[in-house]
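Next come two complexes built around chain A: one with chain B, the other with chain C.
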Partner chain A sequence: MRHSAPRRYAAAVLALAPALALTACAGDDGTAAADGPVTLTYGIWDKNQEPAMRQIADAFTETHPDVTVEIELTPFADYWTKLRTAVSGGTGPDVFWMNGPNIQAYASNGALEPLADLDTSGYPQGLVDLYTVDGTVYGAPKDFDTIGVWYNKDLFDAAGVEYPADDWTWDDYVETAERLTDPDKGVWGSAAALNDQQNYYDTIAQAGAEVISSDGTTTGYGTPEALTGLEFWTDQIAAGLSPTQEQMTDTSPETLFTSGKVAMYWSGSWSAVAYDSNEAVAESVDVAPLPAGPEGNQSVIHGVGNVVNAGGEHKDVAAQFAAFASSEEAATIQAEAGAVIPAYTGTQQAWVDAMPQYHLDVFIDALETAVPYPASRNTSAWTSVQDEVLTQVWSGNLEPAEGNAQLGEQVQAALDAEQE
Partner chain B sequence: MSAAPGAVVPRRRSGAQQSPWWALLFVGPTALGLAVFYLWPTVRTLYLSFTEAGMFGGYTWVGLDNYAALLADPELLTALRNTFVYTVIVLVGIPVAVVVATLLNTPGLRGRGVYRVLYFLPVVTMPAAIALVWRMLYNGDYGVLNQALGAVGISGRSWLTDPATALVAVAVVAIWAGLGTSIVIFLAGLQGIPASVMEAAKLDGAGPVRTFRSVTVPLLSPSIFFVSVVGIIGALQVFDLVYMMVGRNNPALPDTKTVVYLFYEAGFLDNHRGSAAAIAFVLLVIILGLTVLQFRLQKRWVHYE
Partner chain C sequence: MSEALREALTDTASARPAATAATRPATRTAPRTAPAATTPRRRQPWVVHALLAAGAVVMVFPFAWQLLTAFKTFQASVQVPPSILPDPWVFTNFGEVFASMPFGSMFLNSVLLTVLRTAGQVVLCTMAGYAFARLSFPGRNVIFVAFLSVLMVPTQLYLLPQYEIVQALGWLDSLPGLVMPGIFSAFGTFLMRQFFMSLPAELEEAARLDGANPWQAFSRVMVPLARPGIVALTVFTVLWSWNDLLWPLVVTTSPEKMPLSVGLAQMVGLHGTDFPVLMAGALLATLPMLVTFMVLQRQFIQGIAFTGSKG
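Entry: the complex of A and B
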């Protein structure tokens, strides 16, 4: 299995690469391929970012007139399923977005081209580390995201509740949610959504546990701290401060938030541009830092990287585009579009200033205490267990303590299997 | 789908005379398509079910391991149970379609075209659109269904997230969406019933109900047989409606997970393509068995004139 066919093809292609590079150098500015126009495909998953990505692609074409970039948008729910199939079948995009949970699986299976020429000095070290596998850099950090509490100011005003303070705690959060909850109007103070990165990964860290250790070998599930982090949410559902899991399956918690049924919703920096362009909430929402649990108000930090398909046809040009799409110039385009926080050092303030009506510095300040996004070599093996068990915990079919204990065993078993 | 019932079951098997060589030209294109898109993938699936696939291609031979693991997995039993329950519920659509088709075939019915269009409309609608709209109708808090029930004093529930109702709710949509196809086939069958037989029944003093029971249904039995064979095959392979209407993070998922959903989880979420191939093959064998059984049993109730 380890000596699989694509690996051997990859080796053959690598052996040919110098020859290809020679022909590439024959191009007039030494960048474009020799044989006429090249079309690259760029795989992304966020519709909100499509305009900014289009601008970046066009900017690349300006300096590389022979190269056109086609954007391939796949919604996140199907992105990884489709990508894995496409990459296996040799029809994957030339350059595509990568994330923390998947980078190790793709890189260690030879699906990605190393970015040997990338200058990594412009990026936060944590993000470079995320995309370095066995000492080789495979991804150019594109952006990063942290989590904040988005809240509906109109609902706060109507209930006569003051806006969250920067140094609030879990107790303050629950008390605020209680005061905002109004069953007669169908308004919930909070949404205990079953979202990992946005909700329980953060509270597990705030309670003092690690979902997965940084070396990817042990899980914090099963510990009393992890249970505290999970119960922060399940207690809200039990107390009626949040819609039930059934209700949030019928109507997504974010829809409930943007339609004024939920007052506080935990979400990432990526939501800013979506709310800003949604007339219903553009002026009525704002964001506060996460409330502090027993061990602080840590947020999970995660960032997308641009990677190059090892099976692509124009890998040299693709590598140039991947580097460009993560460069200072591209970062500035992203920042001004407000799409996401660019990873390139020094370009973040432009993002904060892009939507002055929100306190976006919350997301930059979160960097100080941020914890890495939990990932391992085969992340989906234990996240599928995690989703299945926590769905039953959230819907009340399984006691949180029992679910936490099950996860402690099953997630650890999945991690142990990776080491074999 | 458009094949007439008679095309599926040859009326007589006595035509043993040699076909001329050029007959091959006629079946050639279809045979080629079948070989490339059905037979070859089936052979490959069987082969892959004895292997474990690497993350991005490549595989190693593991013998019967996938089957052993699959048969020991309690999830397979649950999925089989869910799939069979779903199939049985969907079969309710057949008698409904027979009755509707008979009514639509009533001589002198006004607005017949309009009814036929209305019943056929779901068939030409995208499954994703159907799933989306029905999700909204079934919504526990804001759905039209619960509002209608509330108006007559019945308090509804969250139909798609309640394990007690989710599978039935999905099956009802499948019946609704599939009704049009069955009706078209039954209408064709009804029009093949000679008017003289109907008149004879009338002269013998049979009322509409008696005629339906003793004349229409027996003469329609080849069509009913065809629809039930195709319907059972389709229902056993259900995936799209479950995927789109139930989805992950739904508390009712364990009670609605079908065999093909299990296949999807194994192949596309957990990346165990060998196990996924084994699931696909087990389902193929089950479908094959049930279809053979139906062809055996048809002698007892299907009348070919």
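Entry: the complex of A and C
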């Protein structure tokens, strides 16, 4: 069990001695024997995926009868606060979910155990790269998400517009949005949401720039290509094809989309299960590939990885479980649950088939040209700058060109600081 | 009974209303100004009532929205434009709450957390506040300033050290780990010290002259006089403990050890939240506080008026 006996902090114990005496009777809650059965804890952040994770944990216990896995669910908003506290304190779950923005910080601080025995051949290279830090693999890719254009078929039908073609371009997209926009009915053709992964990271890549270079040292902000990628969105707001930033702050763009006020909404593969279970849109939406910009129709790919806590007590078993939770068998369980696309190559078809009314192969096909999710050693240092500047650009207080130039300087400064 | 103590006790009787009255300047001034504004301004109460009613509507609206959302379907809860009344009314959301989390044990944890923390604060902060106000010992002011400086430190800053101490004690994911860091507070000590300072010293001196030791003077004379302050402290601690999220979230890992606040936070999904179920859970979690408020309404208002803030 994780209740370790008092070892360090003798001073703290002394200081609390009266308090100890007060509750001495409550301190002992029957810890199990240390030998024999092993209990692993598995930290996750998504309630919707809890049932599938439970199934995977049970499947692991079937082949390892002396190991039980407890699932520790923490909502995403507080997940990183709790994880940082627990891991710094030398505890924390044995195996836990990791994401792109945080992997480098945790790995380079020695908080994660390298997964030396992991066979990475079964996963898309972009995901393996995401969880490889300085040549060492720290995470077993669990799932992935790519971006597509979700659209409301009813609004297309009502406006007499044909559904998007697979090889459409930015110009086609804007033209479609123009035809769908109907101020009298309060309908917008598009939603230029201030979302990084879902919107401007993709269009910046499509315009031919890298938000952050793959080695994490330089930014593409400040280049004309990045500006093109940003203006794709700000032009839509200026032309009235999208709600304003103010309106999208009042009501989330996704709510506007599921309420039939926005006809096209860029979102990830994770939306499939949400739309499928929402009666209002289950049958009336579908998904199309991203439109192609000057350099193609790249989507950003991101995925969760299973990582092992370097401070855990049973690191060998934990590494086995992390590998299992990303294995073909676990991937199949996830695929059938439908919440996310499993990362293991060849298991994605079950996910596509789980919701046959949507063209979900769009998200799998996106793998071919997908670009990695921008991340560096201290990702939040420059994303906070990015959020601050782009909020002003989106709300019209700052010219896109000026915002892009500011980002070029400030994001680069943040990256340079990481290298020192 | 000696002359001095008898005098002190008579003073106690008269000091009590004086102390309470001094804490409620608002209620005292109101009747005083009322007679001045006599007949020509008779319509004024209606204006006041209208303003108060408008304020009440604003305050009640979030609760009403929570109540109504708890009976909506998910689809109705997120539709634009929003609908005020549920259509259709669904009653399954409450069942969902019980199905998705161990509500009973979480409720019990919340109650234990609140009761134990409050009991601890009332006992410890009252004693410490009295010591700082009335006993003279070397370094008293230095220690008190050190205490006050704790009030300036944001909670997030001592989250990690506090976690490491609780971990070293083996209290992670247990009731003591939840309760102990909250059984004492710099704020409560400060509050009680200020209250004891405001009580007349003669009462205590009289008791001491009659041979009461410091403990007797504290427990028999001062504590009964400090009742309004203790009520205020209780109100604050109950509200703060019941709503506390950050610490319980960090220290508990298994659902059976979590209080309701953490259980509710867990219902928020990454890409979608079932708002009606969340609101049903929140409603169930608010009810005990609501009932407590209605029963102890007078004390609540006294407590708030005494400190001039509502936490």
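The definition used in the following text is that the second predicted complex is superposed on the first by the 378 of 420 C-alpha atoms of A that agree within 3 Å, B and C clash if a C-alpha of one lies under 4 Å from a C-alpha of the other, contacts with A are read in each partner's own complex, and residues count from 1 in each chain.
As a working rule, a residue touches a chain if its C-beta (ideal position, glycine included) is under 8 Å from a C-beta of that chain, and two chains touch if they have at least 3 such contacts.
Just so you know, these numbers come straight off a predicted model, no measurement behind them.
Participant: Contacts for A:Glu279 in the overlay, against chain B (first) and chain C (second): which applies, first, second, both or neither?
Facilitator: A:Glu279 contacts chain C only, not chain B.
Participant: So, does A:Asp387 touch the first partner chain B, the second partner chain C, both, or neither?
Facilitator: In the superposition, A:Asp387 contacts chain B only.
Participant: Touching A:Arg179 in the superposition: chain B (first), chain C (second), both, neither?
Facilitator: neither
Participant: Check whether chain B or chain C contacts more residues of chain A in the superposed model.
Facilitator: Larger number of chain A residues touched: C.
Participant: Figure out whether A:Lys153 sits in contact with chain B (first) or chain C (second), or with both, or with neither.
Facilitator: After superposing on A, A:Lys153 lies clear of both chain B and chain C.
Participant: Touching A:His359 in the superposition: chain B (first), chain C (second), both, neither?
Facilitator: neither
Participant: Quick one: is A:Thr81 in contact with chain B, with chain C, with both, or with neither? Answer first, second, both or neither.
Facilitator: A:Thr81 contacts both chain B and chain C.
Participant: Kindly classify A:Thr251 by the partners it touches after superposition: chain B alone (first), chain C alone (second), both, or neither?
Facilitator: After superposition on chain A, A:Thr251 lies in contact with both partners, chain B and chain C.
Participant: Using the superposition on A, tell me which residues of chain A are in contact with chain B and, in the other complex, with chain C.
Facilitator: Comparing the two interfaces on chain A, one with chain B and one with chain C, the shared residues are 2-7, 81, 85, 88, 251.
Participant: For chain C, which residues are in contact with chain A within the complex?
Facilitator: Residue list for chain C touching chain A: 74-75, 78-80, 159-160, 163-165, 167-176, 179-180, 183, 246, 249-250, 253-254, 265-272.
Participant: Considering only the defined contacts, which chain A positions touch chain B in the complex?
Facilitator: 1-7, 81, 84-85, 87-88, 105-106, 109-111, 186, 194, 245-247, 249-251, 380-381, 384, 387, 391-392, 394-395, 397
Participant: Which of the residues in chain A come into contact with chain C in the complex?
Facilitator: Residues in contact with chain C: 2-9, 12-13, 16, 19-20, 23, 26-27, 29, 41, 45-48, 70, 72-78, 81-82, 85-86, 88-91, 93, 251, 255-256, 258-259, 261, 268, 270-271, 274, 278-280.
Participant: Please output the residues of chain B touching chain A within their complex, sorted ascending.
Facilitator: Touching chain A: residues 52, 54-60, 135, 138-143, 158, 160-162, 247-251, 253, 265, 268-271 of chain B.
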